[in-house]
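Some structures to go through are shown next.
You will see two complexes here that share subunit A, one where it goes with subunit B and one where it goes with subunit C.
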Partner chain A sequence: MPGELPPAGATWSERRRRALADPAMRAAVAKSTRSLADKKEAAFAAYPAGEAMRKRAVIARRGSLARLDTLLDELTRQIEARGGHVSRAAGPADVGRYVLDVARQRGVGRVVKSKSMATEEIALNEQLEEAGLHVRETDLGEYIIQLAGERPAHILVPASHKTRQQVRTLFDEEATRCAVSPPTGDATAELTAFARRQLREDFLAADMGISGGNFLVAETGTLVLITNEGNGRMTTSLPRVHIAVVGIDKIVATWMDLHDLLQQPALSGTGQRLSTYTTFITGPRREGELDGPEEFHLVLLDNGRHELLGSEFEDVLACIRCGACLNVCPVFRTIGGQAYGSMYSGPIGVVLTPLLGGLDRAPELPKSACALCYACADACPMEIELPRHILALRRTEIERSMEPWTVRLTFELWGRFWANPAGFRFTGRMARLGQRIYMRDGRLQGAPGLVGGWTATRDAPPLARESFHEWWRRRRRASRAGT
Partner chain B sequence: MTRHANAESPRGANGDAALVEEFVENWRGLDGDAWIASGGRDAVRRAIGEAVKAMVGDGEPETRRRALAWATADLASLELPGLLAEQGLDYVPWPSGSGGRGTADLPVATDDRDSGADVAGAEAAAPSSAGLQALAASSDLGITTCSWVVAETGTIALYATPATGRLPSLLPTAHLALVRPSQIVKTVADGLRLLADYMAQHGGPPSAVNLISGPSRSADIEGDLAVGVHGPRRAGVIIGDW
Partner chain C sequence: MRAQLFVTCMVDLFRPRAGVAAVELLERRGVEVEFPGGQSCCGQFAYNAGHQGQAAAMARQLVRAFEDGATDGPPAEHPPVIALSGSCAAMIKHEMPELLERDALRRGRTQATATRWRRRAEALADRVVELSEWLDSQDTESSAGIEATGAEPGRSTPLKVANHTGCHMRRLLGITESPLRVLRRAGAEPIELTDAEQCCGFGGSFGLLEPDISAAMADAKLANLAAARRDGATCLVSSDLGCLMQLGGRLSRNGEEFPMLHLAEAVDLADRRRLTPGEIECAAHSQEADPDAR
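Now for the complex of A and B:
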């Protein structure tokens, strides 16, 4: 059984149309992705040790996945031995039920959250808000997205599609709602100061903190949390109860595995050598400690992950959510994250969304949201074979006959003709015949059927008058005649 | 813990200078402040004075300034209360949970920043937590030591124990950490090996370990760097022996 993801909202063509009609968003996305991709490249260039660690980290990650079940048991034992609680959740409803149970038992009214893709995946905020809890996202980008009522547009920088003017408007509205003074201007420092002041109050008033997790270390039951803003530390240090919701794929066996992994999200994500705050959390506060949460809960989220173990897609579970594949993807750079209709966008989203949510949830992503340029394969620090997976998902879709018969017939005939030299030469001759009629101003226009549909939005350069084969044969004949 | 890191330090004194230089360069590159105090206890005390002036000097003049410091034996020899008073700061020690002073005799936070603190007051154990949080949040400076330091990433590591709480490095407007040169190692893996030694001795890691690389930052608005988002606006280190 695959897992369950929130619905995409609008249709693919509607989402795509909306994205292409938003030049401000597209400019912002183009700028932020290029900047992050450049920073990643510069970071590795200036730090050769980073590349050596990356190669070892891939091995560590794959090795841990190979014995995931054993490690989950060990992790659970370790956390429980230190006074923490562990729960396994098959899908969104299980997490919601568990969190709400804890909230009810502990009299929780206010929740602060640090950025977590796992909780986006299961729409946890909606579940908690429906039950009457006050939930506040505290990562600056997530806070902006929450105020805008949107979903994150990038794994790492969720509000990178917003301009500072749009952010200021959102903050002004929030200031009016809360009856506090608005930001003094739209400079980054002024906007940040407003968010800091507002969110500081939320942190100090919260009864429960919900975080995700970057890694889990099985041998000691340790949660590894990486942030730059410090909201992760606040969320896991101040409220009475801390609940971490983490995908089962985040587990590594030992601290030795972590040696090489720990810097990878920063190096590939933002080009830092290490994120500003890296926190290792092992259970709740101990006897004699005056700060830290009184209760620590870990919810291990499956949601379709376990099924990928042992499949051709297993390496997808090695993803560290750095966003490097998004930043180099020409499709992502053109349409931005929200057009994907999933919290996982870009190449990893094209693969992960149908794998976790079922191919019916997003058949359009493998089919249409990839140009097979392989830039993501080069960018992925965990060496996940994203293009191969995208092709495999396309194949599955075709095998399930989800394509219209015209498309299937065209490709079937194309395949037959091109399977032998005579057929290949024949199609070339026919195409050259055809282009005499439909070639205008140096490009193919108005041809019937699928060809016309293809060229309506793309330029097809004319075929040469003489094919390479013909030219080669003529040249050999001429040279033989000459000798 | 500092003793521990000293004892396990993998290099001789000759290696220290290069590591100090590398750490300071990387820490400053992350917008952290750094003072090198070579010359023993007096030099370190002088550097603390300079750091306080630089890091909390720009506050509003009418509010009383406060520094919240770990009350460890290691820091006691620096006689912080007198030193901070010279800079116009009240010294508040982090109350040690077991055996130390209780939370009852802590100074009460007096400004508006503690208004949200009593929301959690329904729970029996909560008031002391909320009071401590309000105290830390209304402090201008947190002073701590650290367990080890990574040169190539510009990182300091702090272990949470009863005497070395999490809040002084988190909630005050600025955080100042005292670093001994012998605590500096080259790589993150070197640091994690020191943590492994701690785990071997204590049967596991502390409840929380925080690796801190400069002041808090974000690039969430148009990719433009903002320093001081949720955590301390300024993060400083003083490197010296005392």
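Now for the complex of A and C:
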């Protein structure tokens, strides 16, 4: 059984149309992705140790996946020994139920959250809000997205598709709602000052903090959080209760493994050597400690992950959510993240969305959101074979007859004719005759079938009057006649 | 030396001139060119669209075509297969052995048969070399009887040409410098586009399924090409006809023109000291196999 992801919201053609008709978004995405990709390259170039570490990190991640169940048991023992609670969740409903139970028992009304893809995946905010809880995202990008009522458009920088002017408008509206003074301008400092002031109140009023987790260290039961804004620390230390919702794939065996991994999200994601804040959380506040939550809960999310173990797709579980594949993807640069209809966009989203949510939920992603340029394969620090997986998903769609019969027939006939030399030459001659119908001013236009997809936006040159095969035979005949 | 030419289906049908240019430039370098008549398509389009059965049928035919009369005797004596596309060469080298093995098993053949198909594909893959890579290796070892070429006689500054290296050639074959060196040796000054490593949007079945996204990607590439034109580029050269058809087709739809040449055509013109703006324009406009049929 795959897991369950929130619905895409709109059809592929509608999402695509909206994306292509939004030049401001596309320009913002092109700019931010190029900048992040350049920073990654510069970071590795200036730090040779980072590359050696990356290679060890790949081995650490793959090794952890190979004994995932054992490590999960070890992690659970360690956390429970330190007074924390661990729960396993098969899917979205399990997490929602668990968090709401804890909230009810502890009289929680207000929740602050730090950035977490796992909670996006299970639409946790919606579940909590439906139950009457007040939920506030505290990562700046997530805060912007929450105010806009959108989903993150990028795994790492969720609001990178928004311009500063758009952010200011959102903040102005929020100021009116809360009856506070709006940002003094749309400079970055003025916008962040507004968010900081607003979020500070939310942190102080919150009863529960919900975080994700970048890594889990099995040997000590430690949750590792990497952030650049410090909001993760406030979320996990100010409120009375801390719940971390983390995918089972985030586990590593030892601190030595973590040592090799810790810098990788920053190096590949933002081009930093290390993110600004690295937080290690091992259980709740202990006796004699002044800070920290009274209760610590870890919810281990499966949602289709366990099924990938041992499959040809296992390596996608090694993903560290750095976003490097998004930043180099020409399709992502062209349509932005919202068009994918999933919190996981870009190449990893093309693979992960159907693997976690089922191919029926996103049949368009493998065939329509990838030009098979292999840029993601080069960019992925965890060496996940994204193009190979995309090809495998395309094959699965064909095998499951998810294509229209006309397309199927075209390929059937094409394969049959082109698999023998006479058939190949015959189709060439036929096409040469047939193209006359669609010739306008020496260019092919408005052709039928698959070719129609080409001529919708591009001209096609006509087929040459004499193919290379024909030229070669004519030349050979001429040379024979000459000798 | 002997070499077999793999022209690719697209060059065969749409731009046979590139094949003719390749024959001429190879013969000029003392190569005895063979053209196995059984070749059609490497199957990449069908393969990338997920139709592995059809792709495998075409791939098996390609393997057979190049074995014909070329693989008797020890492997060291098997002639190289010079491919006029980085992308098709990558399909053969990167995907074909696994595809043929998997497809044989899928069709209920024995593991021994499947392994045999893998070996045959691997033998072909070992012989395949992309044209610019071949030229690069040959011309370094010896000038192969070609005098240092150059553009037109008497021209002092090299002619600027924009270069586009396709994604599969760049990433799967790891070829980035060869076309640039070959163009320089041909007396031209290659210009790499800004964001050279970004895809042109062709993408096989992707480009047909998603004409609007594909065209937007082409437009981004064309904007960078326009910058190269302002810097004096006289044409766009690529070792992949697919990219040229994508960019040329989009440019034409946008109501503009700019000469685009396959690398074989550019080198052939340079060999004949005809790498001049006028001759480039002429060559780009006439797509017929026979240069006399302009």
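Everything that follows uses one rule, which is that the second predicted complex is superposed on the first by the 433 of 483 C-alpha atoms of A that agree within 3 Å, B and C clash if a C-alpha of one lies under 4 Å from a C-alpha of the other, contacts with A are read in each partner's own complex, and residues count from 1 in each chain.
Criterion: contacts are C-beta pairs under 8 Å (C-beta built on N, C-alpha and C of every residue); 3 or more make two chains touch, one makes a residue touch a chain.
Quick caveat, the model's predicted, so the values are computed rather than measured.
Looking at the shared chain after the overlay, A:T138 reaches subunit B, while subunit C stays out of its contact range. By the touch criterion stated above, A:D73 is placed in contact with neither subunit B nor subunit C. Of the two partner chains, subunit C is the only one that A:A464 touches; subunit B does not reach it.
More residues of subunit A lie in touch with B than with the remaining chain of the pair subunit B and subunit C. By the touch criterion defined above, A:R240 lies against subunit B but remains apart from subunit C after alignment on the C-alpha atoms of chain A.
In the overlay built on the shared chain, the residue A:D38 is in contact with neither subunit B nor subunit C. Look at A:L290: by the touch rule set out above, it reaches subunit B but stays clear of subunit C. Partner subunit A is touched in their complex by these residues of subunit C: 7, 9, 11-17, 19-20, 23, 35, 37-41, 46-55, 57-58, 60-61, 65, 167-168, 171-172, 195, 197-199, 201-218, 220, 245-246, 248-250, 252-253, 287-290, 293. Those residues of subunit A lying in contact with subunit C across their complex are 16, 20, 30, 34, 330-331, 333-335, 367-368, 370-375, 377-378, 391, 394-398, 411-412, 414-416, 418-421, 423-424, 428, 431, 443, 450-451, 453-454, 456-473.
Residues 26, 30, 94-98, 103, 113-117, 119-120, 122-123, 125-126, 128-130, 132-134, 137, 150, 152-155, 160-162, 165-167, 170, 187-189, 192, 195-196, 199, 204-226, 228-232 of subunit B touch subunit A in their complex. Residues 28, 31-32, 35-36, 47, 49, 78, 82, 106-107, 110, 138-141, 144, 157-160, 162-164, 167, 188-189, 191-192, 195-196, 199-201, 203-205, 207, 220, 222, 228-231, 233-234, 236-240, 255, 258-260, 262-263, 270, 272-292, 294 of subunit A touch subunit B in their complex.
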